[in-house]
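Inspection log for the structure reproduced underneath, given as structure tokens.
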Amino acid sequence: MQLYEQLTQDIRFEEGLNSCMNCGICTAICPAAEFYDYDPRMIAGIVQSKDESQIEELLKSDAIWYCGECMSCKTRCPRGNCTGLIIMALRSLSQELGFFTESEKGRQQLVIKRVIGENIVYRGYCILPENLIPELHPEQGPVGEWIFENRKEVYKRVDANYCGEGTGALRKIPKESLDEIYQIFEITGGFERFDQIEHFSKLKARSMGFSDVDEEFTDYINHTYTTNNGKHNRP
Amino acid sequence: MKHIVIIGGGIAGMESACALTDAGHWVTLIEKEAQLGGKLNQWSFLFPDFTPAEKIKDTLFDKCQERDFSILLKTEVKSVQTHQKKFNIETFGGQKLEADAVVVSSGYELFDARRKEEYGYKIYDHVITSADLEKLLRPGSDLSVAAGKNPKRIAFVHCVGSRDEKSGNHYCSKVCCITGVKQAIELKKRLPEAEIFCFYMDLRMYGKHFEELYREAQEKFDIQFIRGRLSEAAEKMDKSLLIKAEDTLSGRPLKMNVDLLVLLVGMEAGKGTATAAAKCSIEYEDSGFLKTNDTFLFSNFSSQEGIFLAGSCTAPMSVNDTILHARSAAMEVNSWLRKQ
Amino acid sequence: MQNEGKQKIWKDYQKEIADDHYFYVRSCIRQNFFPGSEQTFLKILRAELNKDIFENPHHTTCSGIGYHSDIVPFDTIQTIVARQFALMTEAGYRNLAVSCITSFGIYNEIIETWKEFPNELEKIRNYLKKATGREFKIPQNVSHASDIIYKFREDIFARKKYSLTNHETGKPLKIVEHIGCHYAKMFPGKGVGGAEFPHVLVGMIESWGGEVIDYPERRHCCGFGFRQYLVMSNRGYSISNSKKKFESMEPYRPDAIASNCPGCPMFLDRWQYVIEEMEGKTYGQNGRGIPVLTYEEMAGLVLGYDPWDMGMQMHQTDVEPLLDKMGIEYNPDLKYAGKDGKQIGQVKMAGCKC
């Protein structure tokens, strides 16, 4: 199947692109366009052109990973498009085809899958207090560090039910509920997406010379988490 | 003698009325406002050659005065009934008219710029519409006060309420591009120190002398044209406006601070035309503009026999095109009546 | 600035907000960073407003952060959301009260998708049935928790202990609002006041005595950007967007920032600290930061709740300047204390003034 045709299978693509008149409204308010060398208008233009080689290039590029999915572009587009939704369809396809490992920003999918993905399936949360390790989150500041170091007591102080039974903030999600989430991932293609991310990332890690002694590819993950070639911003 | 009722006393209605009178018919022109002339009453100078709108209106008005037909001002149609090839028309004032043919020339209304929320019309003090600006450019108006004390930077925004799914209007309003050029030049003449920018998507210089005027705006008046549609405006502390667009030709998001923002509002068929269409039981298009029988040969024919269309109630058009369309409507009415 | 245009917009976007019997779904980010706000919300609804709001411990994340960082497929999140709806249906509720803006956007997006593509709904019903044996009804009303506080803002003010005014001068406090992008930018009709001039926080602030300041970058995203914050090497995106907002609001000298989003107040709080560390720049008065509030904290302060009970010690940018202006009584010694009144660990303030 042609890449363009594959994109059209995604409902978000159908929702995201009617036809683009190149007005630039989306780019004008896009927080990503202000920071990165990124132009959502051009993304809409490329997919609309149905030019297979340009679409392939896009799927392998950093460009599709710049968007912050804030959906500010949806409010304003005079043609009812939403470049954020087009991006979501492109990112899904890029992961399906393994193209995401071709770009620095795309390679970050593995670490997101490992942290957020596994939190969702095995803990029932996207993020958890124990993820906020001060070295990885210096922006959380001394208060963040204090919360992290003393999380049991701090959460208790504000009536959260951290890791506890029953209701409340940060409660432990009962096992039978996590089993249901697991089943949902199994049936709806959630694990398939996870496996694609793992599979293509490992291939890439090896080809980049990261050792696979450790099946976790920790070095590769650390590399993708912290690397920034400095070429992403507008000149 | 045949009797023709014309609904709408803008320039289209006035011109049709004169032409039909000249052809030997009796005409009644119905206008809901207190004076004839429609939008032209509010405009200052007309593109493409800066003829005062007043002059065109007065000439047409004199032309009407010289002819003998009846004019009903402040009058609206209550009902139109068809009976044996005649149209029985009743006005809200209680007058009853019997007509052999009807011409609808109910014109257009301006897009309500408040609907384009992100531009802050009626919220931010220095955001005005092109229609507001026309009034300000008329003799005797104090431009500097309305535009803030001495605006240094002025931006025009094209396509406000046109070519925009969010506003519900998919069509192009056709005259706002050239209106923008006209107004930018006029402003520059009065505020030679000001920098003026036009944010456009396509410049539709379709008419005679339009392209030349655009070129003059660039070369003689130093007006900057930026290809990028405005995404939003926001008011700053000093009441100047922060505007955001993309300069699509260089592919860069662009932010600018301006002292006055002019929204080139589009045309909508509006309530007047919708009412006229409903009373006459004629069809309109998705856009709200009245449906003509055919695009090429029958552009003055409505969906109902004996009811004709003239001017901007059928589509956005310039004064020039409106006059021509009104004249051709008179001709079509005339030949149709002869055949009866 | 004229209010006429805003009034019209507010009149045009009146959304239906259920007035009782809510099924509560929590937010991952808020549970981590503002757990006290969620507790405060429940307390206000139950103890002050006498409302029925139910929480089922079996509900989970909606997986929204995973979805918006593209590791969770659309089918998967739709089914997880369907499961939340099933829990609501089974508990006999029809009104969803959503703590999170990301979730709120997702619930709306999914419900709208189902309306437009009924086959999609059927597919998800089957998935859910197969995975969990559950069935569900689509909620009658989906309200964000801030919608609910907005709806009852006058009832809350009727029970007030403080107002959003300077207790010495009696003047209204100047507050800037920040609305989470996914609240109404995707579906303007789903937010109180629409996407461009939301009324949800404005209504609260004005009803409670404060003055809202509209600043140029009000509508700009805080810069969370999901993957743009989650991955360390992308965080420049996040901070630079927040910074743009700070610079834009600074000249108005706001007394506080209020937000209805889970992530935004955390970023607007933490990035002030980072900017001070990096550049020595602060945006508030007297060389300090601008306190950042969730709407529940704002409501709680008005009602006279203890700031430390609500978790305001978990902010990095001190809230005391605001508490002092409002004349709120609080015990500074108990700020970092536990339930037993004893200090919890040690906060290294590392030279941070804000």
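A, B and C label the chains in the order they appear, each numbered from 1.
We take it that contacts are C-beta pairs under 8 Å (C-beta built on N, C-alpha and C of every residue); 3 or more make two chains touch, one makes a residue touch a chain.
Nothing here was measured: the structure is a model prediction, and the numbers come from that model.
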{"item": "Touch-based graph of the chains, sorted into line, ring, star, complete or other", "value": "complete"}
{"item": "By mean Cα position, the chain sitting nearest the middle", "value": "C"}
{"item": "Chains most often in contact, by C-beta pairs", "value": "A-C"}
{"item": "Inter-chain centre distance, chain A versus chain B - centres from mean C-alpha coordinates, in Å", "value": "49"}
{"item": "Between chain A and chain C, centroid-to-centroid distance (C-alpha), Å", "value": "22"}
{"item": "Distance from chain C to chain B - Cα centre to Cα centre, in angstrom", "value": "46"}
{"item": "For chain C, residues contacting two or more additional chains", "value": "195-196, 219"}
{"item": "Residues of chain B engaged with two or more neighbouring chains", "value": "118, 232"}
{"item": "Overlap residues in chain A, where contacts from two or more other chains coincide", "value": "29, 34, 75"}
{"item": "Of all residues in chain A, those that touch chain C in their complex", "value": "10-12, 15, 29, 31-32, 34-36, 65-72, 74-75, 82, 88, 91-92, 95, 105, 108-109, 111-113, 115-117, 119-120, 124-129, 132, 136, 138-147, 149-150, 153-160, 165-171, 173-174, 176-178, 180-181, 183-190, 192-194, 197, 224-228, 233"}
{"item": "Complex contacts: residues of chain A adjacent to chain B", "value": "21-30, 33-34, 39, 41-42, 75-80, 234"}
{"item": "Complex contacts: residues of chain B adjacent to chain C", "value": "114, 117-118, 120-125, 232, 234-237, 242"}
{"item": "Chain B partner contacts - residues on chain C that touch it in the complex", "value": "1-6, 8-9, 194-197, 214-219, 251-252"}
{"item": "Contacting residues of chain B [partner chain A, same complex]", "value": "118, 159, 163-167, 201, 227-232, 244-248, 251-254"}
